[in-house]
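Next come the structures, one after another.
Shared between the two complexes below is chain A, which has chain B as its partner in the first and chain C in the second.
For the complex of A and B:
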């Protein structure tokens, strides 16, 4: 053990030294695990900011076994300090070990019932592990989980704002998008929530998984809140398993959506009351209630399509509110949130509906359109690269070659008639 | 626990930065395993979120505070009352909550700044949403008595009809920038190039 420590101290200087050190460490891994109880004192002889790789191996072996309550608190602190001082290049040589250590860190933080302790270190860990901000690691969902449990929704948004183009493991993506959806819902960013939940339900999956089912339930509710409707069918690019099974597995929610589309608040409220227990056991009751109250908004918005002016009393009657004052408050809130363009005339008790005043001529609007175009161009370039890579992929070419007879000659004139691997 | 950054922000009136400063300081303290909650300026932290109109974060912060601390800090409970009124859209109630407590010196700075900001926001809302509004309602929205409210809006260009006690809104024309600079030409070239290929 002491010999190994000396080697770590000696070989952590240059990049080539570190590579030879890695080989030594890989060979010593089994014995490290065998002696895990003896290791903690050796950690003190190593400096995590210089000997990051060696420290990581020792730390991973130390934490591999069961951890007692007393040890948990000191381990949590040790790992947190390691994460903040370690060198990214060194730990990227052993990503699996780093991920294991961080996951155990999360487990112990939850054991201590202090998820807040893990938020900042996990964010640092992600930044050090990631090869770029477009890279989704196994730590991303752990970070979001800690944010959810400690109620640090705002901190989570900084990660959610980054676009992801590379994923290590499909399961990470499912969990990341599901938790991300929940955080966006908490911050009332329904458009973002819809995007993330959409990714979960349309992701490729050979069999429907539990995460997709829960995501689908929230997806229906957020669709109702944000768009006022729910598309009856999933898009064609969703997996066939999802298209066939998700709706049957989420029956109460699908029925809620069809009751919503009838536009009658009283019927909707009756349905919710009758099925309250199911929604509550799914932890979705709050979201269901938000969907119900969004119906008032939807119904008021529909009025703007038919009327130029309407009295507050009329609005109250049509939308089934109790008084003109309530109608006034609803309209005021919608104007504040930018969901409607209107002015209220208290003297006559009328509301006048207006056109969107945006003329798309201002510098600010040009900046917005400009940055959207830039983003589209970036995505387009990435798609071209992916397309080229995929056209060389043997699996794809084999399938394309096999299905050749079903398509026009022109579609596949680059594929030789018989393609054998 | 070093809260000097927070105090500096308060002193320099950078009220909009306090929420982010508090958030990151709190995460750091938690990561170090320091038991910070007893000395943490929760009321200030909560009000900082309210100042930047982030009632969601204020709500989550309130939910995460242990019950014992809530019971022992009446100022914190009073600060949350403001947040609650904002959350339930009780526009007039916000002013009552602001005035209904004797704030400590530091908190008073933030509360006063928020109160001013809130009145400005409410006025902007009334300006955009109403063509006519009763003096009584306007006074409620602006947190003033009816005479003060009338004088406030008259100074902004509105007109008043004393017999019907109605105010007529005059919207200020906002001129938005429409000039283009030549740098945009470079961008347009890029777009066309991209579309051609």
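For the complex of A and C:
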């Protein structure tokens, strides 16, 4: 054991030394696990910022066994210090060990019921493990879970803003997008929530999994709140399993969506009352209530398409609100949020609906469009690369070749009907 | 080998020949190095990939009218390394077949790939001399040289030159032009558009037009910079003050557009925004179509239940 410690201290200098150290550590891994109880004092001899790889192996072996409450708080401290001071290149050599250490860290933090302590270290851990900001690691969903439990949503938003292009494990993507959706709902950023939940629901899956089912329920509700409608069919890039099965598994929500589209608030409320327990058991009751209140907004928006001016009393009647005062409040809120363009004349209680005042002749608009075009160009390049990769994929070629028509336009050509690789 | 022919013949090469030769070469080359994924076609004795590029051989056929030789088509031949000659019976059979369809075509010569004509090629050349007294040798250089601007195809003729007192046949290079029929032009255009240029020149008219404008603006920018630098120097006193130059600069500036009103700004910005929006829309459409194809391919490859077998509709 001491020999191993000295080797770690000696071989942590250059990159090639670290590689040979890694081989040594891999071989010594089992002996480390066997002596996990004796290891904590050795940790003090190693410096996490210089001997990150060795420290990681020792730490992983220490925390492998079951951990008691007292040990948990000391371990939490050690792991937090390690994460903040370790060297990114060294830990990237043993990513799975790092991930398991961080996961145990999260478990212990939850055991101590102080998720807030885990948020900042987990964020640093993600930054160190990521190869680029477009890379999704297994730590992302853990981090989001800690943010959710500790209710600090703002830190999570910085991570959620980054676009993901590479994923290690599909389960990470599902959990990440689901938790991300929940956090965005908490911050009332419904557009982002819709995007994330949409990703879960349309991600490729050979069989429907529970995360997707829960996400689908929230997806229906958020899409009702944000768009006022729910598209009945999933887009064609959703897996066929999802397309067939998700709707049957979330039946009460689908019916909620269809009664929403009828536009009658009373019906909607009765339906909600009837199925209250189901919604509550899914923890979605808050969302359902928000969906119901968004119904008023939809109806007012529908009015803008028919009328140019309307009195507040009329609005209250049409939207089935109780009084013109409530109608005024709703309209004011919507004008503030930018959902409709209108002016309220307080003297005679009339509301005039206006057109979108954007004239598209400002320099800011030029910059906005210019930046959108740039973004679209990068996405387009990535898509082209993926398309080419897909065209060379042997699975695709096998299936495409098999379905080739037997007779082309110029019949009786000696075109081989099967593509054999 | 001398570098210019003196036979006075004009050669016209059709692009079909070039495409044929390059296709032959590419096929043979890719068949020699099987893709690393497969397990069935792996070579048994673990042969290492061929270091040198394979040489392919074939015949070119066409018409000779007076002093103009027009090469229309080509076909492949097998090279027999033991006898150092091309497969003769096959060549004759092919010749017969082609005669039936194109009675005017003659065997004009042969082709091969490589970077330069070699001594051993003369052997094959002489063997063909009984079909055609003066055969041609078309050589395609398959190494891709991005700096090269013209086609890597050379046509060699054979001439009798006296070297060291011995009359010998050597290869001499001849110039040629590319001649196309409408059908060939369309297909070559199509092939050229399939691969968008990776650093190549502008393929479409729009791109050419825009590059022209871009270089013009770049030049304008650099010249204004030079002037500006000079004027700043004049202001600081580094450069002696030249009144004639200053007069010219001020008259140039007065010729600039004088409209600075708000209405002009509005209209100008609105039109600018319109163009940007159209570009954005075009990019969007392009992107969506790529995404759609990608999704289709993905569904074909990985979604088990989407295709239920059978054939798609006959288009």
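Everything below uses one rule, namely that the second predicted complex is superposed on the first by the 405 of 421 C-alpha atoms of A that agree within 3 Å, B and C clash if a C-alpha of one lies under 4 Å from a C-alpha of the other, contacts with A are read in each partner's own complex, and residues count from 1 in each chain.
Note that a contact is a pair of C-beta atoms (placed from the backbone, for glycine too) under 8 Å apart; a residue touches a chain by one contact, two chains touch by 3 or more.
Everything quoted here is computed from the prediction, not taken from an experiment.
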Which of chain B and chain C A:344 touches, first, second, both or neither: first
First (chain B), second (chain C), both or neither touched by A:236: second
Partner chain in contact with A:114 - chain B first, chain C second, else both or neither: first
Contacts of A:258 with chain B and chain C, given as first, second, both or neither: neither
Chain B versus chain C as contact partner of A:309, first or second or both or neither: neither
Partner chain(s) touched by A:77 [first = chain B, second = chain C, both, neither]: first
Partner chain(s) touched by A:390 [first = chain B, second = chain C, both, neither]: second
A:371 touches, of chain B and chain C: first, second, both or neither? neither
Partner chain in contact with A:352 - chain B first, chain C second, else both or neither: first
Residues of chain A at both interfaces, chain B in one complex, chain C in the other: 361-363, 366, 370, 373, 377, 380
Partner chain B, residues of chain A touching it in the complex: 73, 76-77, 80, 84, 114, 116-121, 150-155, 186-188, 329, 331-333, 335-336, 342-348, 352, 361-364, 366, 370, 373, 377, 380
Chain A contact footprint on chain B (complex, rising order): 23-24, 26-28, 30-33, 54, 56-57, 60-61, 63-64, 89, 125, 128-134, 137, 164, 166, 176-180, 184, 187, 190-191, 194
Residues of chain A that touch chain C when the two form their complex: 204, 206, 236-237, 239-241, 359-363, 365-366, 369-370, 372-373, 376-377, 379-380, 383-384, 386-387, 390-391, 393-396, 399-400, 403, 405-406, 421
Chain C residues touching chain A - in the complex, by the definition given at the top: 35, 37-38, 265-267, 269-270, 272-274, 276-277, 279-280, 283-284, 286-287, 290-291, 293-295, 297-307, 311-312, 314
